[in-house]
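Take a look at the structure set out below.
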Amino acid sequence: MINEISGRRFTVWRWVVLAGMVFLVLFLPFPVNATTPVDRTFRIQASRFEYSPSVLSVHPGDRVTIELLATDVVHGLYIDGYDLETTADPGQTARLTFVADRQGSFRFRCTVTCGNMHPFMIGKLQVGHNALLWRGSLLAGLALIAGAWRVRK
Amino acid sequence: MNRLQEAAWEERVSQGSSEPIRSRRLTLPERIDLYRIPWIRPLLQSRWPQFLIRSLTLAGFVFTIAAGLFGSRVGSHNFAIIFVWIAWWTALKLVFIPLGGRSWCSVCPIALPGEWLQQGGILEKRHRRFGLNLRWPKRLRGSWLQSSGFLLIGLFSALTLTNARVTAWVLVGLFGMAIVLSLVFERRAFCSYICPIGGFTGIYAKTAPVEVRVIDTKICAAHSEKTCYQNCPWGLYPVALRDSSQCGLCMECLRSCPKDNIAVNLRPFGSDLGQARQSSRLDETFLALVMIGSALAFSAVFVGPWGILKSAAFAIGSPAWALYGLGFLALNLVVMPGSFALAVWMGQRWSGYKTQLRRAIANQSQVLLPLGLFAWIAFTISFALPKLNYVLSVVSDPFGWGWNLLGTANTTWSPDVSGFSPILQVALLLIGLLWSTSVAWRLAKVNNQSVFRQTLPILTFCLVFSLAMLWLLVG
Amino acid sequence: MHKEWLARIIVIVLVATAIAIPIGAWWVRSQGNVIHARMAETGGWTPENLTTEVGQPLHLRLTSDDVMHSFAIGQSDQPAVDVIPGEMTEVTLTFDKPGKYTFYCTRWCSVNHWRMRGTIEVTGPETTAEAVEPPLYVTLGLDIDAEHHTEVIPEQMPSAVRGAKLGVNIPAEYQSHEYYLSNSPVELWKALREESSLSRHGDQDLWDLVALTWQSNTRPQDLTEGMQLFATNCAACHGEAGAGDGVFADDLDQPKTGEHAVMQAGEMTTLPTDFTDPDHMLAASPAHLQGKILRGGMGTGMPYWGPIFTEEQTWALVAYLWTFQFETED
């Protein structure tokens, strides 16, 4: 009888602990390693259908300048999350300057139809750490535990 | 299932009855029979509603082919590309499959002309019928051809998804194949064994909340004529239906049963999962693994930042494409099946639970179904959500000829979904993982032997896959 | 029985509508004037040749089948309109004078973008043929294909600012516009070197005076217009800094056979000219440069801009080209 009660209490408590961990993973702020903001310039060559370089890594607060160099046809660049856009004709480098104040991983895409694979002409801007990826991965681990417990009940 | 049902289920299995489903008496309490609902019944009983929907999808299909062949070559302004690969694909992955199982098959136009020829009439069967009605060869049964078809799509996906002409010809090809097969073989041979869409729709239908099942098996046992089987275009025997993967929800059995003994049930999600199987057939396992592998490959190629991969996938016929193809096939034929088999084998070894490896693999592959379903939903959201506004503009100007039928032709470039879309994708991947985990544990529990050791390798497989998808989609 | 026939009719009507819409519209559309734009390698403008009459509005509907293009008429005030993939752009043209007009693409769409041209033949009542003056290089009898080198190369980039500070009186004959057009900088330098009044100045000083003279023959608005023309038309091959290293430079300097041949067989494309190289530039007169621009490169890959630029635009572009050699006031 006592075993049963304590068994049930354990069952309840482990869910509380799990819920607590989920809460922590979701809302615990990331350790901030503050870096002095610097000016970064990236010269991106756009061709059909890739950006080169396609992955840009900066620290939060950096002033980022993207120089878009179209090498074959007119290309564009739009950054998700920052809602910034520019278009470059071959021979006319376009410049985009902004402060990377939002952290995470943001895709940038081509905005001028440049051929068949245009909708998949994608690059990535990584500012600081990718909180969503970290939280998602840790939650995946917790999901594993939760799924197992759910059935054991 | 709740605990009472679980206990009853286990009792039946432990009794060693090879076909536990025969002893089921009435519709389980968790089922809602839609066919008994007064306003739904006439819609399913009459042939007209389904026929009208299918006529519309057929007209839409023909229109899509026309747009693909004659419309603008610019994919974003062509009805064929936008409607097939964005509108219909999104509807399929987000609505038809998760909520309706094989519901698209019930309204799909591809099989329609073939069915008309086979039954000699458009609305119902008539006397003069066409077709040789041969039985489908035994060697070609199962979903092997469907998996191969899907792999083929994967190899040529960069071209098909972006070229309106190619899309149109693929649709024409499928259409033609369906008609030819209907004239040679009985029933919906194309749908059951060839159609790549039918393949994965079928396996994911096991997770869906809709099913067609018999109500009282004793009535069926006493009924000798088996009208349901005679009329089923999928060649199924409703009373023996274990899971929903082969049933195309066409409702013919419902209409033809003289005893009104068939039900269209709403049921809890994943009701077909978690049952121990006796079968050692690996075709569905292979298909589930191909879907998982393809989810990774497509995510990397289409929504990843690696231009070299995209160029390789697009340059069909070049050495770079051959390399891409090799990598794609290696992933789907070697890496995924190999690591899954390894995980199952390790689980067996570690737990000491002895059973035929083949059967164990076939059984455990059910775990891959929620995982794959949600990975595909997340991937679909990732590439289709930013492009949904194209649907609006293409409805007004389907051919890219400068029309503006509904005034929406100049819908400006897409709104910023980058705020919630990644969060949604993460949530979906987590749901898939959670669900797969519970299926894995349910399976192990049924077997009741060293549950933790048996399941851990497989759970690791699922976790690694989920982390990979997370990284590809939101990393 | 009735049901079956009704069902058949429904199917036939729906499918026929689905087919009729595109076929009907396609038929209607082919009655109009739709121009498809494609990269030069895959067809260019289709159709390429249009006809109309003086005073008769020519209504065009333009669409692109692949990438971003645009449409403009050479030597006209007609503003360029973007020709967007999958969308229709409408433009109406009216011509006052008969003749052969060239329309062309103004947004780089491939290395052969400049070949994307078509003609509009405008017929009208017979008028007296306007006397067309030959370009200056023809009048002067210049061989613009001949090798030209500068014997004396300045040590520093010649600066008009420094030249102005020298406070020297340059003889009037060298400051005239005609002199500027017909002579190369090195010729002026050599002439100045001969001048006894300037004998105490060093070589670099004289180069600065050359720069000053050149600057005095160009107006700021010419430089602005020239810069714009250069950016739109020349920078893609010649480079934004004029160093012959534009984005298409690699494509032009290719083996002439096999899959790398970007031009038709027999043509010999070369690296675009480096405008920052004094050896060639200082030995060329503005007329020489104008000739190159108007006539093109005879198979080297340099386009011929004769039908596209007005004379004023060409001189503005030439004026801008000198800024790669001379420092001028901003």
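Annotations for the structure displayed:
To keep things simple, chains are lettered A, B and C as they appear, and every chain counts its residues starting from 1.
We take it that a residue touches a chain if its C-beta (ideal position, glycine included) is under 8 Å from a C-beta of that chain, and two chains touch if they have at least 3 such contacts.
Predicted model, so just to flag it, every value in this text is computed and none were measured.
Counting C-beta pairs in contact, the pair that comes out ahead of the other among A-C and A-B is A-B. Note: the chain lying farthest from chain A is C, by mean C-alpha position.
Computed from the mean C-alpha positions, the centre of chain B lies at a distance of 56 Å from the centre of chain C. Mean C-alpha position of chain A lies 43 Å from that of chain C. In this assembly, the C-alpha centroid of chain A lies 30 Å from the C-alpha centroid of chain B. Counting partners per residue, chain A has 113 as the residues that reach two or more other chains.
Contact with two or more other chains is made by residues 64, 66, 85-86 of chain C.
Looking at chain B, residues 74, 76 sit in touch with two or more other chains.
Taken in their complex, chain C has these residues touching chain A: 39, 64, 66-68, 84-86, 107-111, 231-232, 234-237, 240, 246-248. Note for the complex: chain C touches chain B at residues 3-4, 7-8, 10-11, 14-15, 17-19, 21-23, 25-26, 29, 61, 63-66, 85-88.
Touching chain C in their complex are the following residues of chain A: 69-74, 89-93, 112-115. Listing the residues of chain B that touch chain A in their complex gives 74-76, 158-159, 162-163, 301-308, 310-311, 314, 383, 386-387, 413, 416, 418-419, 422-423, 426, 429-430, 433-438, 440-442, 445, 455, 459, 462-463, 466-467, 470-471, 474-475.
Of all residues in chain A, those touching chain B in their complex are 47, 49-52, 54-55, 78, 80-81, 83, 105-107, 109, 111, 113, 116-124, 130, 132-133, 135-137, 139-141, 143-144, 146-148, 150-152.
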